[in-house]
Amino acid sequence: MTNFVPTPSVAAPDIVRCAYMEIVVTDLDRSRAFYVDVLGLHVTEEDDNNIYLRSLEEFIHHNLVLRKGPIAAVAAFAYRVKSPAEVDAAEAYYRELGCRVERRKDGFTKGIGDSVRVEDPLGFPYEFFYETEHVERLTQRYDLYSAGELVRLDHFNQVTPDVPKGRAYLEDLGFRVSEDIKDSDGVTYAAWMHRKQTVHDTALTGGNGPRMHHVAFATHEKHNIIQICDKMGALRISDRIERGPGRHGVSNAFYLYILDPDGHRIEIYTQDYYTGDPDNPTITWDVHDNQRRDWWGNPVVPSWYTEASLVLDLDGNTQPVIEREEKSEMAVTVGADGFSYTRKTDGDAGPAGEAQGFKLGAQV
Amino acid sequence: MTNFVPTPSVAAPDIVRCAYMEIVVTDLDRSRAFYVDVLGLHVTEEDDNNIYLRSLEEFIHHNLVLRKGPIAAVAAFAYRVKSPAEVDAAEAYYRELGCRVERRKDGFTKGIGDSVRVEDPLGFPYEFFYETEHVERLTQRYDLYSAGELVRLDHFNQVTPDVPKGRAYLEDLGFRVSEDIKDSDGVTYAAWMHRKQTVHDTALTGGNGPRMHHVAFATHEKHNIIQICDKMGALRISDRIERGPGRHGVSNAFYLYILDPDGHRIEIYTQDYYTGDPDNPTITWDVHDNQRRDWWGNPVVPSWYTEASLVLDLDGNTQPVIEREEKSEMAVTVGADGFSYTRKTDGDAGPAGEAQGFKLGAQV
Amino acid sequence: MTNFVPTPSVAAPDIVRCAYMEIVVTDLDRSRAFYVDVLGLHVTEEDDNNIYLRSLEEFIHHNLVLRKGPIAAVAAFAYRVKSPAEVDAAEAYYRELGCRVERRKDGFTKGIGDSVRVEDPLGFPYEFFYETEHVERLTQRYDLYSAGELVRLDHFNQVTPDVPKGRAYLEDLGFRVSEDIKDSDGVTYAAWMHRKQTVHDTALTGGNGPRMHHVAFATHEKHNIIQICDKMGALRISDRIERGPGRHGVSNAFYLYILDPDGHRIEIYTQDYYTGDPDNPTITWDVHDNQRRDWWGNPVVPSWYTEASLVLDLDGNTQPVIEREEKSEMAVTVGADGFSYTRKTDGDAGPAGEAQGFKLGAQV
Amino acid sequence: MTNFVPTPSVAAPDIVRCAYMEIVVTDLDRSRAFYVDVLGLHVTEEDDNNIYLRSLEEFIHHNLVLRKGPIAAVAAFAYRVKSPAEVDAAEAYYRELGCRVERRKDGFTKGIGDSVRVEDPLGFPYEFFYETEHVERLTQRYDLYSAGELVRLDHFNQVTPDVPKGRAYLEDLGFRVSEDIKDSDGVTYAAWMHRKQTVHDTALTGGNGPRMHHVAFATHEKHNIIQICDKMGALRISDRIERGPGRHGVSNAFYLYILDPDGHRIEIYTQDYYTGDPDNPTITWDVHDNQRRDWWGNPVVPSWYTEASLVLDLDGNTQPVIEREEKSEMAVTVGADGFSYTRKTDGDAGPAGEAQGFKLGAQV
């Protein structure tokens, strides 16, 4: 049974958006080759131990910090808040929750000022900051625009065993749910939650956690994502293309999942929809709908369900991973025991006129 | 051992391009819904038993004939020749080969004049014609241009047991090889052969045959193909998306394979390359190169290797299917017994830095 | 000298976004042909006098109302507010400003509930509402997706004589400026102002007003906009393409301006940037920078500067048009008296190596 | 009155396609910056006086030679022929025509073997060759693929005073006409002529000549062309964008015209149509149809009609320019004396419902 996180009495910090992720990589040169040479992220600054990267249209100091370390893991999911005072609000909020909290007036990473980092109730290292160094926004620097250009940080995705618990905690923190995946027994498999006016700033994926499922960057158009695949083929690293490209059912975005040298998963993502209205309709998908994860019914590879990155506590040690107790989405939908349909009722089978709606030969 | 087709003493007919395919469908209404409502092909003419369809930029009467019949099969692979005299040349050529030949001054299908049909040495029903009714070329009818518009017939693909035999026969017929797939033992698994200045007018895929593997239509851009997937998702017929979209290694084209209501396979294809020079370099792919069929290393579903459409003889009976004796591409590359690599040598592993180059979790 | 609008003592209504425009058209059938048949907007409802249209991804009742009337004009620029209470806030705000205000519990148009309409201090008919009928959001209805699909209402654009006055009034109302155009004498020629996290919900263009310059719809990608041009060519109404397509300097969006049968100007727009951070950098363009209006330096046609739609007061009479007293952007940048440059200093002329930076032959 | 070129008694050489252009530039560094750094053409070889460039999908040594020289001009329009023997045929053909002819067994440029250059009957320096060094075809080198990648040489365009004369000469040489522009008096303003299966290998534009109007490179998709504009904007050389982007009426291609540092005009071009059938329909456009040059009715800038590059004789001296005697397309269609229509008859004015079909405000 879910043991919900209590709702604090103080106001939640006013979060603007997901802003950057700090990840630990084991070989900084190889990671640089991946993020800078292959993906074309722009280097704001770098030294022997850290590379600060940003997407084309970003004006804050960075969207991604690569930090050299012994174990590949995630050190921070950082959100920008609306004002300096909201950093105080975040500190108060997590202190009331009884979480471990650390405040640094000069920030945890270069280019970021007064910040608070917490070990949140789900075990994730969350950061909240307002102050940041503004850097050149490269929006119209088309002389630097690569064929697979990444233009914005779009969202985080977190693996957590108890999605309803995590969802309620994030709703208290001010996030709103745009979409989720459930079954008829009431089990929630995943939820998408936003502050900015897109489908999500972060999503919760049910599984053993806390772990980081992926961090996503947006491109302008779909062909930019195809180019990233084509380039990875040319570089003979197509084995680092894990899943896609495809069209998500959830979010409607065109997507691709690739793996960095340490196995950190990166999503490339484009064209979800506006969610800024207060009554933006929440979409609930049936876990057995074979178009929920891929609108074209293409199979989700098992690794996508099972693999994820460890996360660190505030001392830099990896957080222990707790097993999910509820049903696994992979188990209920993929393989011999799983069940997925293309059409809910086959009475109106449509142009294909198939008597049954399974996608044959494509599922593992 | 290959028993080659003899080379006739008379000149081969001068073939311009693949021009249309005649297929037998078991439910004309359902097929119309697929080809017209879903794919947006343009109806030149139709009656109770036949629908004559063309792509946007076509000016001959049709690129596809749907004929109602009891057994789903292919009745003709039709090529256009350079002049009326070349139909005579085709007739003489196949007569010398000892093939069954039928000549009809008024054509076998509406809108096509003087034609010859043959049961060719590989067992396929080939047609050669020059005369055809010109119809409105819809090139600039952007008022009719759908988001997934098919603009040209691009090529046929035929399954035949003995690829070197078929290839030599087609080379005699004037086709040139643009690409092929081989192994280090000298086995040929497939060959791409062209008359017009693209990668192919037809391809030979090694397998039990004669069967029709697919017929391909071209779009202008990649997003047009993505739209076809999106639309099939919206219509809840994503189970008819068999493979893709993806980027081919062979041909470099962006592709998608879908299945019509009878299981006839249609490829949607865009952006291969110019092959018109006499010394156009032939590209040979290693059958174990995991990027040959999909440049991104995504798996080929088994059905794509095993399923294909029967073909008819000139009496309308299905041709018997002869088993391939040589190694099967699926067997040597997919699954427990198969072997594929991403990188030939892993000494220079590149940005991924993987010790081995298999694509994990994605192969069946 | 600017006579600024006073700042009310009561709080401004919390505006979510531009939501719909109500326009009066003189021939409903011809307008329907344009908006539905040519542009593909989706009809939510229609009767003899009104057509309620929405874009693909919209879930509120409409983004555009076509109302039949004797004089082509704009009846309302409607904004959605955050809650029902914000309609009260809007009413109080404009009453304090001394504006004419009308409140209707059942709304001014079908599908919209409790609303307030005002004649605002600049003479524009503004509406504020929260209640609306939710309708099917067609986001994944790719079976309805046309090649030039309009997916969102993006923004309004208003012509007003005194831009600094209008800008201060809209800033009081809670809008934030993303970009503007000025000269070295301190004259402001235009300003872009947003509530949602894009470059604008409305823009102020300096000129004789109050008039409506255009209303803009967004597409997913650039090719969708090109298709609209191609289709208008096919329909032989290319004379209704007024300007573009092109890339804006301001906003960085890819754009097109077309004219409806009454001369109401529609912009089709895609790919501006995220503006949701509180310190989003404001960009100021020099009015003489020839890339400000078109990043490629293509000329702005004079009609784009001079033509605009009349607006109505709350009685349905046209508002009188007041002349701009300050310098006109057209006069200072186009033609014999105007001056524009491509490069500010020609010492570092770059690859073109031109001694001077004017675009020859392309300006009127 | 037209003084036609006689038809030789010997067979015309069998031309495959337009293959490369040799142009003289006055500042090799500035030209390199333009063609390599801005446009991204690939350097096959270079020395102090020459740069040999090719497009992504090319396998012959080069598509463009930049040669340093005192006067900007074109030294050769080079065509590839089908076999070594066809170079002999070309030599014999032009000798019979009484043209000045020069044969070089080692070629006129690096990477090209046995070639013949002629001063052709229209005054153009034409070259014919078969032998060439094969170089790496970069088709799948997506690691080198820039956002505005040029993938093929598409065509030449030549300015000549007497289009019917030039057309007849090129038809004798084996070219076929795909499209032309005429008026009701029988004047021909331009003709498009092909050997390969696209709309043209070269076009004749009526005007003072012999001059080179432009050389065109193809991209894969339309967004690649837009990126070239965006990049030229970013580099502040938008004044080198002469015309476009737009959709041609003739050829249906999406196009852009830009100017190199010497004023040589480059077209970027994509998506014309297949012309390989022997009875490919020829399209004749009315010179007064305002959609012939731009399908969207956007104006052609005067410089596009008047400016062109000089061509050289075989001694390297510029050929004298002979004035066109017939009507000028610019004069009859642009400005106060010109006349163009959008719709031929306005009885069926369509959705725009305009009483007349001129494009207002957009013509010079």
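In this document, chain identifiers A, B, C and D correspond to the written order of the chains, with residue numbering beginning at 1 in each.
We take it that contacts are C-beta pairs under 8 Å (C-beta built on N, C-alpha and C of every residue); 3 or more make two chains touch, one makes a residue touch a chain.
It should be emphasised that the depicted structure is a prediction, and the values quoted were computed from it without experimental measurement.
Of all chains in the assembly, those touching subunit A and also subunit B are C, D.
For subunit D, the chain whose average C-alpha position is most distant is A. Chain geometry summary: the mean Cα position of subunit B and that of subunit C are 49 Å apart. If you average the Cα atoms of subunit B and of subunit D, the two centres end up 34 Å apart. Computed centre separation for the pair subunit C/subunit D is 41 angstrom, with centres defined by C-alpha atoms.
Residue numbers of subunit A whose C-beta contacts span two or more other chains: 140, 221-223, 230, 233, 235, 249, 295.
By the touch rule above, subunit A contacts subunit C in their complex via residues 16-17, 57, 59-60, 80, 82-83, 134, 137, 139-140, 151-152, 196-197, 220-222, 249, 252, 271, 273-274, 276-281, 295.
Across the complex, subunit A meets subunit B through its residues 27, 30, 33-34, 37-38, 221-223, 226, 229-230, 232-233, 235-243, 245, 247, 249, 254, 261, 290-291, 295-298, 301-304, 342-343, 350-354, 357-362, 364. Within the complex, the subunit C residues that touch subunit B are 140-147, 149, 221, 223, 227, 230-231, 233-235.
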